[in-house]
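Some structures are shown below for you to check.
Each of the next two complexes has chain A plus one other chain: chain B in the first, chain C in the second.
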Partner chain A sequence: MTDATTTLAPAPVARRSHATLGRLVRAELRWIYRRPRTLVVLGLLAAIPVIVGIALTFVGSAGPGGGGGDGASLLATAAGNALVLPIATLAMALNLLLPLSAAMSGSDALAGETAHGTLRGWLLAPVSRGRLLLVKSLGVATFALSAVLVMAATGVLTGFVLNGTDGLVTLSGSTLSLPAALLKVAIAAGWVALQLWAIGAVALAISAWTEHPMVVLASVLGGVIVFSVLQLLDALEWLHPFLLNDSWLALGDVLRDPMPTGGLAEGALRAACYIVIALSIAYAKLSTKDG
Partner chain B sequence: MSTSTTATDVVAPEGAATPAAALAAQTRGLRKLYGRTVAVDHVDLDVPEGAVLGMLGPNGSGKTTTIRMLLGLVRPTAGTVSLLGHAVPEHAGHALPDVGALVEGPGFHPFLSGRENLLRMAAAEPRLATGDIPHAVGEALERVGLAAAANRRYRGYSLGMKQRLGLAGALLVPRRMVVLDEPTNGLDPAGTREVRTIISELHAAGVTVLVSSHLLAEVEATCTHVAVLHAGSVVAQGELAELLESGSPALLVSTTDGTAAMEALRASRIPSRLAPEGVRVDLTACTPPEVIAALVHAGVDVHEARRARTGLEDLFARLTQEPDEEDGS
Partner chain C sequence: MNPKKRAVTVAVAGTAAGAIGLGIMAMPAGAGEAPELPSVSAQELVESVLKADPPALSGNVAIDNDLGLPAMPGMAMLNVESARVYHDGDHASRIALEQNGSEVTLVQNGGTAWSYDAADNTATKTTLPENAERKHKAAGQDELADPSSAAATMLDYVRQSSTVAVDGTATVADRAAYELVLTPKPTERTLLREVRIAVDAENRLPLRMSVLTNGTTEPALQIGFTDIDFGPQPADLFEFSPPQGAEVTDSQPRNKPEQLPDKPAGEVTGEGWDSVYVGSVPPETLDRRPDSDGPDARGLLDQFGTRVQGEFGSGYVVSTKVGTALITDDGRFAVGAVPQQVLTEALGTR
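Coming up: the complex of A and B.
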């Protein structure tokens, strides 16, 4: 209660009507990465390639029970190969764990903030609804990217520690130099990040409609599971091009030499469409929402 | 309180009803429907510049909804809002940088410290240069008495400390207008006093303050103007002093024989009616000495005579209860 006069004195202030975008993004990232939950999720994701790598090396090359499909065969190849391990674990995590973390980030971004009453603080500052969505999208995208990068990095490191830098053999049988192998991991990580951005955008769109973070998590997770089931039904082949996960198996293409780009490009395009549509819906809702 | 009454004379000599007076905020025909529920209807609110306007009303009378529309958080179903000369919500972005607000309780992240929470809030304040943010946050914390607890997590704050942090958020930047929705919720008596001090400091600096409350004593002590909401509409507004005088003055006379007293007063053409311990005498046409003289001359024993207190409480009770008991117009 002291020192009132200094605060009250009309200070010569910049007549800006909004805070700079950089400052908002910095504040948002600071908020995301100071959150205990964020760090726990990143830590768990980082542990996955380590666990998978150790399991494959010491327990034997048998893939996780049953499974089948490309993912399991990828994992089997990952034993004793520092190139395949990070990409195989990314492909595995893309089925559930990575979408879950993207959904978590998206649900906190708008629904979680609304539930805490903290979104109001920024709206009153004021931060326009459009800028708010932009900042939130960048935050979710950064988190998704960091999740993927953390997994890729520990995957590469685990592979090197267990197998050394030799034997970077592609699925086509050719052996790659270290830089070429790292480039392939980077391409895979970038592509997976793009898929996660699509999921994050959908999560943000749902997040704009509710103040319950759980609703966002449940919807996205339910969606991922339903999409996987639909993918198995051949009778619904006409629907498959519209499903985001239709080209997720194409991630294995990165490990071929030369790399077939058709499936990867289609998947990237599909993710981009999801992002555009989901963010448009999020903006439409957010701009008319009661704060 | 002496500060508020003298300030009334200085700041808003025209009174709220005069359109000529500069208004910091104004609503016209404000209406908000939630589904088929009418939350607020026909709200014509005037907030004179430099005034401390107390918004009174029972729970659910539309105080918070009105404030949320005033700040552009909620789109009105009908009606217009002007805040610091800008239409809201269309041009809220021009008005809001100069408005500090604590609406619907404090909203902060439990896993961040009080200081971190304010830093995050300050990042969005257009009027703060990036370099000034840590200083402004420190000063705001100091001002609400939270400096010692600034680095503790918000999760561990008491209700009163949370409320103080919310107040600090509204005071991060020098404002032209400050809107406080129930600012003393959960505060101890010392905290309540401090909020009063802050409000009078803001008032002395020429800041317009809009404070909603259901604590009448608090409003009476701090406000220059009052607006009373009831069932979603404004039932009275204006300068506090004027509103308090608007009730008819009365004298309460304690006597053992009320009927005799009434007869004596009727003989002197002084209107009166029976009250629990005597009679209640209408003072619109006479003075207390005349009443006492009339009673004493008639031989009625007068134990005690006192002015009926027309406090804010009576005014409030009259405004918010009468429509239900009578015709409701």
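Coming up: the complex of A and C.
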């Protein structure tokens, strides 16, 4: 990992010309996807739907629903349904694993580079701080999107292998055509990716303020856990609409037919608000950082 | 502007914009002020509701339940928080009861009714007798032939025990609505304070019902539309064909409701708000287990009820915000929206 960063990051300094945004983003993405840990995380995420699908098919039902959140009760329906499996595993992973990978990517992007001293290259280069943040955000966003897409893709494939392409039944009992089912999975994946971008943006903001990647990881994960505990407390109902995970249960709405859009739209807006807040704080810190 | 100043500006502006966005979303929907509507008397309002046919609509119904019911095993069906409702303005309707991660769909189209439970992938088809609807309608028409006299009869009956009034207006699901309020007369011994029904000013469709109990400001039970759209609905919403692989059962509607073997036999004593349903079940049903691995009914009562003793003998009292139930050890029971004392009196008269 260190090799890649040291060879790639100072490149703009050496050239001393204005690097195009496209080239900077390409360099950032190459740096992200060449790290072994990125690939390991993606590989593990890809394995989850396969394991869940096989377990549900060969071991039996997921047990009585409820208690384990939306993902767990959706899983009860996921057995024998190629449409539900990818969405149910996304709902399950959204509770902890996907935020963890988004936080990892966000912590590497700024704090990790600061820790290795490689962020200096970026700061000294003739790249404006806004552009630097843009490049870093695009890197985190791309990684989050690829994590979601990998999970959705293996979920769909596992469902097809185990249950065939028919029997794409929604929670409302209607049977969907293949393109319609894929569209639903795509909507779910896009929505989950948006939620992860919000988490990634928060991770970037914390990342800009510290030089210890562990701090970023710990605070984002701690935040996710605290948020889900706060959601359980009815006494704090007034606070719930401010928490990012308030509409995460709405992901199951994708599987209903006709699809209720209220909860999903609200969740998307909430994620957008988090992104605006986090990126503006990240920009404020990054633009005053000394080179 | 120096970089430091700009950084602060950006941070403050961005945070404020995001926080305002979150704040707007946190604002309770439908908290608008009461709309101005021409005044209407309670009788006119009830009459117009009886006269009105529900138009084609689609909407979301939220069920807020603050009854204080104990969480019982095997009562997942009660765990419904919201439902989507579709009606074609004629005979067909579709109701989707949303549960956490699952759904129960009820589709009714003229002669056929389907119910589908996604959690266990089962569908039930009920064919309604062809003349049932007509008969129902005819029977209903006798009574409701003249909505104004029907409204008068109904109000006369209700007014024996309650005060009925139109109490201002409200905004429900962005629609202007009249609030019809039923308040028990002071002589009624009940836990309930009032029942409010919001009626759409234009379509005269009941939009929301709230049950308020003594000593609370939040409704103990509220069922109402959170959003509603009037207009024609796609016809395929009211068709249902069971998905492949679903377990389909045919059920014939019973013409006469059969006496269930252990149906508790009972009767209603009292009138109005403090009526009490009194009856008895064989004492051995208390020892039956609802789940094979769950506790028996007596165990549940031990857990959720309070042990009481009195003239009626000894038994358990289960109290919620809207009602009380008293079950004695020899299987007699009394249920009502009343305080415990009324129940013990009702049991004593038997």
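In the analysis below, the second predicted complex is superposed on the first by the 267 of 291 C-alpha atoms of A that agree within 3 Å, B and C clash if a C-alpha of one lies under 4 Å from a C-alpha of the other, contacts with A are read in each partner's own complex, and residues count from 1 in each chain.
Everything below uses one rule, namely that contacts are C-beta pairs under 8 Å (C-beta built on N, C-alpha and C of every residue); 3 or more make two chains touch, one makes a residue touch a chain.
None of these values were measured; they are calculated from a predicted model.
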{"item": "Chain B versus chain C as contact partner of A:Leu230, first or second or both or neither", "value": "neither"}
{"item": "Which superposed partner A:Cys273 touches (first chain B, second chain C, both, neither)", "value": "second"}
{"item": "Which of chain B and chain C A:Arg34 touches, first, second, both or neither", "value": "first"}
{"item": "First (chain B), second (chain C), both or neither touched by A:Leu100", "value": "neither"}
{"item": "Touching partner for A:His116 - first (chain B), second (chain C), both, neither", "value": "first"}
{"item": "Which of chain B and chain C A:Pro241 touches, first, second, both or neither", "value": "second"}
{"item": "Touched partner set for A:Thr288, first chain B, second chain C, both or neither", "value": "both"}
{"item": "Touching partner for A:Leu44 - first (chain B), second (chain C), both, neither", "value": "neither"}
{"item": "Intersection of the chain A residues that touch chain B with those that touch chain C", "value": "288"}
{"item": "Residues of chain A that touch chain C when the two form their complex", "value": "65-66, 70-74, 76-77, 80, 91, 166-167, 169-175, 238, 241-242, 249, 252, 256, 258, 260, 262, 266, 269-270, 272-277, 279-281, 283-285, 287-288"}
{"item": "Complex contacts: residues of chain B adjacent to chain A", "value": "68, 71-75, 92-94, 96-97, 99, 101, 103-112, 116, 119-121, 123-130, 139-140, 142-145, 169, 171, 173-174, 194, 197-198, 201-202, 205, 207"}
{"item": "Touching residues on chain C, where the partner in the complex is chain A", "value": "3-4, 6-8, 10-11, 13-15, 17-19, 21-23, 25-26, 60, 76, 79, 84, 96, 98-103, 105, 114, 116, 118-119, 121, 123, 227, 237, 240-246"}
{"item": "Chain B-facing residues of chain A, complex", "value": "1-4, 6-11, 13-14, 16-20, 23-24, 26-27, 30-31, 34-36, 116-128, 288, 290-291"}
